[in-house]
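In what follows, chain A forms one complex with chain B and a second complex with chain C.
This part shows the complex of A and B:
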């Protein structure tokens, strides 16, 4: 790790000294150390390591705040447990705030007095990002997005080739040579987005979503200019980077003159565009919805008519934290499953109290903390096992990847699917 | 840095199990990493996939699109997922000795 310098300290402290952020100051100073957050945290539950308790992570940040932003802390730091922003503490911050938190927000819901622990963690990450201490592998993904326009640095030509391929597959499946995956067509109702892992490695969800659009007779398009639904700078918490990425999405929507932005199945992508996006760029996004809401609407209004008999295996649902706990989208995915699968069973706990898959908060990208990520996922593995399900559906590609890995590691012997794949499998297309 | 141990041999890998030095890769290492992942034997289809990934990496410095893997090997998408249960990235690319791709993989 690069040594701390005076300039770096200043950069980090600027974040804490934002006088207008009264929310930060009250949340930094409110923890009563009741300890209730401990049992809400995957890391503490899986390891029993007291360093992992969320309150301790909050204290990492507030101890620095006390040292540099309060009179007592400046004069008698030991008296108030204040900490220096030095190499040792920075190493500890990086390890705990980046390396031991999936930003799942479960601790926030369990906090006895409602401290927004996740917000404090993000602020701590922001300090580290401003000082240049984002873990290398996470920064690489942010950099790929900043320099190439998508987080896997897929060249346009390769992207277009893949879309064309999926279009052919769709035509074969539907037995309709006019079925299309529209691209770069301005003036459509919907600008649809993707997680780059779809075109790169897992394109079945692209043709699945195209099949749903086909069945709903939707007017939609993808765009080469900006299709990446992710914003990894939300995880690194560098405000400048997250702004650039969010602005791109906003600009593309304007350029394509689409009425609506539809976000692919991606927990943090939904959050970073729909809920944080307007904060990042300082203006409101035009109508922005997740594909889960869109599909639920299609079913409700009768635009698509799924047949539950076509999905007969037992299906359980994994709730992505950003979509559910942070975004409040809880009923839509259940409504979809109840209409598209014959046997739907819930995990325990689920919904607002669900456990993270272990891959959130940028963990999936951060090789540095791989062993921890797999270890904490033991809790999710147990949850899945207990349902007896053959398929785990989840509206988040990041969760899909983490669940696919623990499927092998913990020998769950299930299939992991996106919601679009489940819905597409339940559709019979009738040709006139 | 961490290591994976298989058949009495120790392989140095990054935290996520991908080789740190893609240049030290050879067919024996591929066999060992695959075995570590539970793939007992690499068959012709596995090798066809691995060779294309490796070739693409050496020419372009990155993993190929799944499109290229399917096109060049003539294998169906679902077949590739079956051959490498951890998927094209964490499974096939890792066995082919590539560094971990960026993004949600």
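This part shows the complex of A and C:
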């Protein structure tokens, strides 16, 4: 790791000193070190490593705040456990704030005080990002998005080939040569986005969603200009980078003159666009909804007709943290499953209390912490095993990726599916 | 007034001025501006944050750790009552025997809870790792304050010592983590604001 310079220290401290509102100091001054958050964190539960207690991660940031921003910390640093922003502490911050937190927010809900632990950790990540200490693999993913327009650097030609291929599949499945996957068509009702994992690894989820749009007779389009729902700079927490990516989505929406932005199944993508995006660019987005909300709306309004008998296997649901705990979308995915599958069973715990799959917080992109990521996923693997389900549905492609890996590692012998795939399998298509 | 009463009052004044500074700083900085389209009610979110959001049935930090949680609640209630008692004692107002007995019991219960929490912090590896001197000093001062509140109610001869302990506590309060007496409310306000805006709180059952 590159040795810290005075300039870098100033860059990092600026994040703590530049107070735009009272939120940061409220949370930095609230933790009482009760340690009761430990049992809500899957890192601590899976490893037993005391360094990974959420309060300890908060203290990595608040101890620096105390050292440089409070009188007691400046005069008697040892008394209040104030710490210097030096190489040793930065190394530990990188390891704990990037490498030992999925930013799932579970500890926030259970904190005895109400410290927004995840927000403090993002603040710590922002300090590290501004000083240039983002783990290389995560930064590479952000750089790919910044330079190519999508986090997997998929060239437009390859993307268009995949879409064309999926369109043919769709036409074959529906036995309708007019069925399309529209691209770059302005003035549609919906601009739909994708997680780049879809064109790269899971193209069938694109045709599944296209089938749903077909059944709902929806006016929609994809765009080659900006289809990537993800914003990995949300994970690196570099404000400049996250702003560029969010601005790109906003601009594309304006260019395509779509009435609504529909976010593909991606937990952090939903959060980064629906909630953080407007704050990154300092203006409100046009109507933005997740595909989960959209599909639930189609079923409720009768625009699509699912048949539960077409999905007879036992299905359980993995709740993506960002969708549930940070987005309040809890009922919609359950409404969809209750209308599209015959046997739906919940995990324990579920909903707001669900455990992260282990792939959040940018962990899937940080190969440096692969072993740790797979180890903490043991908790999710046990949850899945106990349900006895044959299929795990989840409205998040990052979760799909992580669950697919733990499916192999922990020999779960289940299928991992997106909501769109489950719904598409259950659809009754009415041909004119 | 005796010198120890002046000392306690001066300490209280320092504490209040410092807390007022923190409070008005929070007010001046205000709440964050959110450009995302609001999905829920911030008022309901904030109310939830201070009510059902603190329900022990909703918090693993409470229902998985009932002895510690209970000790924490007793400790905080007794602290509040001890501060009320401080003003009563200073003003020379006398309360009924029954209330005196109840307050004495509350103060001693709080002190016992404080000692329990102190021992846990000292002996539990993960808590010890999290702790700094301020954690121990804060706990110790509040516990002593409660203990002396109980003692002075039983024996008025301890009044000077009680005032000195109270003064030490008031002087120390703004220096360390006891500031959470102010920031706890700010943190819960922000949490309610944040989750209320997004319609996460009030929490929905799946």
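We take it that the second predicted complex is superposed on the first by the 431 of 432 C-alpha atoms of A that agree within 3 Å, B and C clash if a C-alpha of one lies under 4 Å from a C-alpha of the other, contacts with A are read in each partner's own complex, and residues count from 1 in each chain.
By definition in this document, contacts are C-beta pairs under 8 Å (C-beta built on N, C-alpha and C of every residue); 3 or more make two chains touch, one makes a residue touch a chain.
Treat the numbers as computed from the prediction; the structure is a model and nothing was measured.
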item	value
Simultaneous placement of chain C and chain B on chain A, clash or fit	fit
First, second, both or neither for A:132, with chain B first and chain C second	neither
Touched partner set for A:378, first chain B, second chain C, both or neither	neither
Contacts of A:297 with chain B and chain C, given as first, second, both or neither	neither
Between chain B and chain C, more extensive residue contact with chain A	C
Partner chain in contact with A:225 - chain B first, chain C second, else both or neither	neither
Chain B versus chain C as contact partner of A:239, first or second or both or neither	neither
Which superposed partner A:327 touches (first chain B, second chain C, both, neither)	second
Lowest inter-chain C-alpha distance for chain C and chain B in the superposed arrangement, angstrom	25
Footprint of chain A on chain C - complex, ascending	25-27, 29-37, 39-40, 49, 53-54, 58-62, 64-65, 68-69, 72, 124-127, 129-135, 137, 175-177, 179-180, 183-184, 186-191, 194-195, 198-200, 203-206
Complex interface listing, chain A residues touching chain C	19-23, 25-27, 29-40, 50-51, 53, 55-56, 59, 72, 78-81, 108-116, 274-279, 281-285, 287-288, 325-328, 330-331, 334, 346, 350-352
Touching residues on chain B, where the partner in the complex is chain A	2, 14-18, 37-38, 62-63, 65-68, 70, 77, 85-90, 100-105
Complex contact set, residues of chain A against chain B	137, 140-141, 144, 151-154, 158, 161-162, 165, 195-197, 199-204, 230, 266, 364-365, 367-371, 397-398, 401, 404-405, 407-408
